[in-house]
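Right after this note come the structures.
You will see subunit A twice below: alongside subunit B first, and alongside subunit C after that.
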Partner chain A sequence: MRNFGFSTTKSRTIDYGDIDRRLISYILENEPTFNACLSCGSCTAICSAGNLTSFNIRKLSLQIRLGDLEKTHEEIDKCMLCGKCLLECPRGINTRNVVMLIKKGLTIFEIKDKA
Partner chain B sequence: METYFILPFTLGMLFLLIVLFIKYGLWITKLSHIDKLRIVQSIFTRRSWDAIKESFLEGLVHRNMYKRNPLLGYMHMCFAMGWFLIIVFGHVECYMYYGTLAKAPWYPIFFQYYVHEWFPGERFMTNLMDFLLLYILTGVLLAYFKRINSKIFGIKKTTKLKPLDRVALISLWFIFPMRLLAESATAALYGNGGFLTNTVGQLFVWIGVNSSMESMLWWGYSLSLGLFFVGFPFSRYMHIFTEILFIFLRHYGIKLKKQFNSYSRIQVYSCSRCGVCIDVCQMHVANISNNQSVYILKNIRDQNLTDRKLYNCLLCGRCEQACPVRINLNDLRISQRIRATKEFNSDYAFLQTLPVDEPQMIDSKPEVIYFAGCMTHMTPGIKKSVLKVLDKAGVKYQFMDKEKGACCGRPLMLAGQYEAAKKLIAYNREKILESRAPILLVSCPICYKVFKDDYELGQITIKHHSEYFLELVNQGRIQLAQSEKTIVYHDPCELGRGCGVYEPPRELLRMTGQLQSVQQEKVNSLCCSGSLGDLSLSMADRNVIKAETLKVLLQKNPDVLATACPLCKKTFVKGVDVQVKDIAEIVAEAME
Partner chain C sequence: MNIEGKKQIWNAYQKEIAENDYFYARSCIRQNFFPASEVAFLRILREELHKNIIDDPNHTTCTGIGYHSDIVPFDTIQTVVARQFSLMTQAGLEHMAISCVTSFGIYTEILDLWHHFPEQLEKIREYLYKATKREFNLPKNIAHTSDVIYKFRNEIAEKAKYKLVNKQTGEPLNVVEHIGCHYAKMFPTKGVGGAEFPQVLVGMIESWGGNVVDYPERRHCCGFGFRNYLVQANRGYSISNTKKKLESMKPYKPDFIVANCPGCAMFMDKWQYTLAEMEGVTYDENGYGIPVLTYEEMAGLVLGYNPWDLGLQMHQVQCESLLDKMGIEYDPKAKYLDKNGNQMPLPEKPSCLKV
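Moving on, here comes the complex of A and B:
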């Protein structure tokens, strides 16, 4: 690694070359509106599943972009698809379709639950 | 032997009969055991008679289609009724001449070719057959025009065809004109024929006709019949007999299941592709014209349905309501979604670990258990109003999802996640039954639909707040003051077409203001475009559809736009000047 004049630990670095981009590519290909997400968290604030569990769709969106697919699998199963996020999203993202695409994508890429 | 021309017709018919026998045989054997029992039990009851009656009215007369579009109905009736009668009277004519019905099938079909001499009743029968032929030919003429310009039928678009359909369609178009020419040539040679064939025959005499030309025309007639019969099982014309099978099975009490099965397939093949569903679909407003029910059914048949098409439907039910064949279009589409997503259903294991609520009423059982639902929590105004009305009327209620609650399962159901939905249903069902309340009160039609269809709540009656509030008014538990405000009412899809609730909201609105009628209402009401049924429609397209719906609703410039669904309210409220209110809010205000 080049010397930038400061150091960082391995656990705090994100290596973009290592990211598993299969899922995010699959989602964006089929639902391009997902690109418009600005991580405002409105969806998470309103979420029915988030009210019952630790489900956090905003966090999930970052995880997908970082390629942590196993963790995604565990989390996405909590979504009940009620569609409140769809109404709340200021960017008009088709959130329910994104969730279905995540589920389908994980099946296509044969990602299994961690547990 | 010039009578070889019967061969194409005979072979074609034989082929058709064999294919139909195998196909229908397979479909019926593949029905579930219970469905087969249903058939056996009801075959010798009144139901068969009712089915015969409906087969006549729908399969031949096309009454439902006639009601929707008279010209289209007439066209279909010409083909169905005309052809049926020409076959029946062809046999009568044959019997009158030969004195027996035990003649090979080509005798009644090519009767004019075989019989040239006079027999008792000959004049009448030839003219009758000519009349029937003319009747069918008017339908054929309309069919030509419809292909050239569907607008004269008052329909925006006619169905697109695939190659085999085209073969069958063109051969069908040729059958009756060929029959006319062939019979006329015979009439020219032998000087017989009725008012139509004889007149056309004169023309043949004028241009000169010989027996080889006559034989050629009969060949043409037979060939177009044969070709049509061969194309029949692989084209949309399969609907002709399948529709009758479907009518019988429906009368025997067979219902569409969640899973796509043999009965679903029979429904798919019953579609005549008349195009009525294309015309009522609101997607055209957003220039989407590849996902209407007729195309989906076609894709199911051809096994080339894409996810995008499958999920791009509001499931508003307008096409199902308009379908002259009464195919369960919404549930058929959902069954395809169930098939497409069956590999990734959630099990919602977290439901088991949720803390159990403290019972809200220990001493006595509540009058109602109130389930607000996700969407009502998004529109706190509706929730507050409902609670206010309940308090004012002194109703003892339990609020099931006051702080936390699981979704009702309908959104999952709409997305095809049937197994996942069952988990939520089981969880909520237990809570509802535990409350021991006799009434389940809901504010959201989306929940209402799934409670009614899939929860199996036994003795508990499910009521939307519009129904329940009307009951409270009728019992004198709340009083409403009438205002001068003009109101239009928007029927939510799930409440109206979904559950058949049209009048209670209107009665309440008549008590609180001046209710105005809308051009398209009740069963014909438009969708607000917010529907959860659609997974892939973009916000921009939704807004285009919404604008059209609002145009119809606000035509008379009402003071208030009333609806009975939190999702419809939420959809309408963005970007409209008029006040949008839920029925609960209107009632709560009118109580003061």
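Moving on, here comes the complex of A and C:
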């Protein structure tokens, strides 16, 4: 391939017809309460891991819904499973189970982080 | 909403386009990369539509590319534009027909500025007089040349020799239309259909039998962006925008792209070669790329002009597939003959894009 002294960047356009739905389908199937999430961010505000690291469970849940799974593995490993988010959630979502399902789903579907 | 209501709303999106007597302002990019397009435009206006249009050899670049690259100061470009108006005034005309979308944006921006800041207009009058002893009137009507073709699209359709229809299947050709950003995104009232529903190319395509492709990135910039392209290290921004558009339109299998901006036509044509060389990708099924036409070339093909007189051999993506679909007769051996019938040197073949 020829080098012209510049390169292209990947488009960040999200095509809903073409996104990876495997993980989100798996989570919703096994934890239907996750459907009720309104992305209020209470889980993120209370998160102990989020206070110590860049972990952001609201951002992660949006990325999973959009099929953006490039860094999911690295991010979900920051969760300490303390369960404070579960107590805080105004919609009663079992967020700890959601985190566990993300971990399981990544293994089942062999989804790896992109370098 | 009833039809009357829709018509009433749509009226707010129309612009006035002069009927006749135009002063022609040429485009730097179009003259260099699609030289026959401007010749075709003048031929269509003079021979097909019998309009009066003055093409003054004394007129110069508007310096728009230099202005958008922060090289030409604003007072300088205003004085250059004032000089073009003085040539129009000298020719006894009041209507500008501007070939370039960048220039069209420049002219509308400067006229708007002078409207709001009359003291600036007086200053520029003084600069021009001191520099050239010239004076000028402001134009009564400013139209982009695609507006002019749009206005007379039905007259052209009546004279059409070919339609934008696949001759073998009888189906309308799928056409991607691309409007230059500076046509209506800066001053929406100056473009037919405004910035939301640009109609200028859609009107031509539909009048001449084609089908307009509505794809997700339809209103996205072509990627030119002036300084994004002019600095080599930044060209990744430019080509990535074009790639985004090409990827978005590819699933709709367009038969060709038509643009009203010279820069857009150039970039969407030539970046297809660059992307093919860099990444080995092409955006049609057979590896030839998607042909890109200017609207003058599209009008010329519809009117039955010789494709080689329209300069289609100058394009990066070759247009024979389109000519065959439309059933246009052409002589493949005459593709690289000069006006005296002598063979010109043949261009090198790209390594990936088929020609």
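Throughout what follows, the second predicted complex is superposed on the first by the 101 of 115 C-alpha atoms of A that agree within 3 Å, B and C clash if a C-alpha of one lies under 4 Å from a C-alpha of the other, contacts with A are read in each partner's own complex, and residues count from 1 in each chain.
Just so it is clear, a contact is a pair of C-beta atoms (placed from the backbone, for glycine too) under 8 Å apart; a residue touches a chain by one contact, two chains touch by 3 or more.
Worth saying up front: this structure is predicted, and the values here are computed from it rather than measured.
After overlaying the two complexes on the shared chain, residue contacts for A:S42 are found with neither subunit B nor subunit C. Contact with subunit C, but none with subunit B, is seen for A:S11 once the two complexes are overlaid on the shared chain. Touch criterion met: A:N51 reaches subunit B, while subunit C stays clear of it.
Which of subunit B and subunit C touches more residues of subunit A is settled by the count: it is B. Of the two partner chains placed around the shared chain by superposition, subunit B is the only one that A:G83 touches, whereas subunit C remains out of contact. Those residues of subunit A lying in contact with subunit B across their complex are 30-31, 33, 46, 48, 51-53, 76-84, 86-88, 92, 94, 96-97, 100, 103-104, 106-107. Only residues 216-217, 232-237, 239-240, 243-244, 247-248, 274-275, 277-280, 351 of subunit C touch subunit A when the two sit together in their complex. Interface residues of subunit B facing subunit A in the complex, by the touch rule stated above, are 307-308, 311, 341, 343-344, 346-350, 354, 374-375, 377-378, 404-407, 411-412, 415, 417, 424, 530, 532, 535-540, 567, 570-571.
Every residue of subunit A that touches subunit C in the complex is listed here, in rising order: 1-9, 11, 13, 15.
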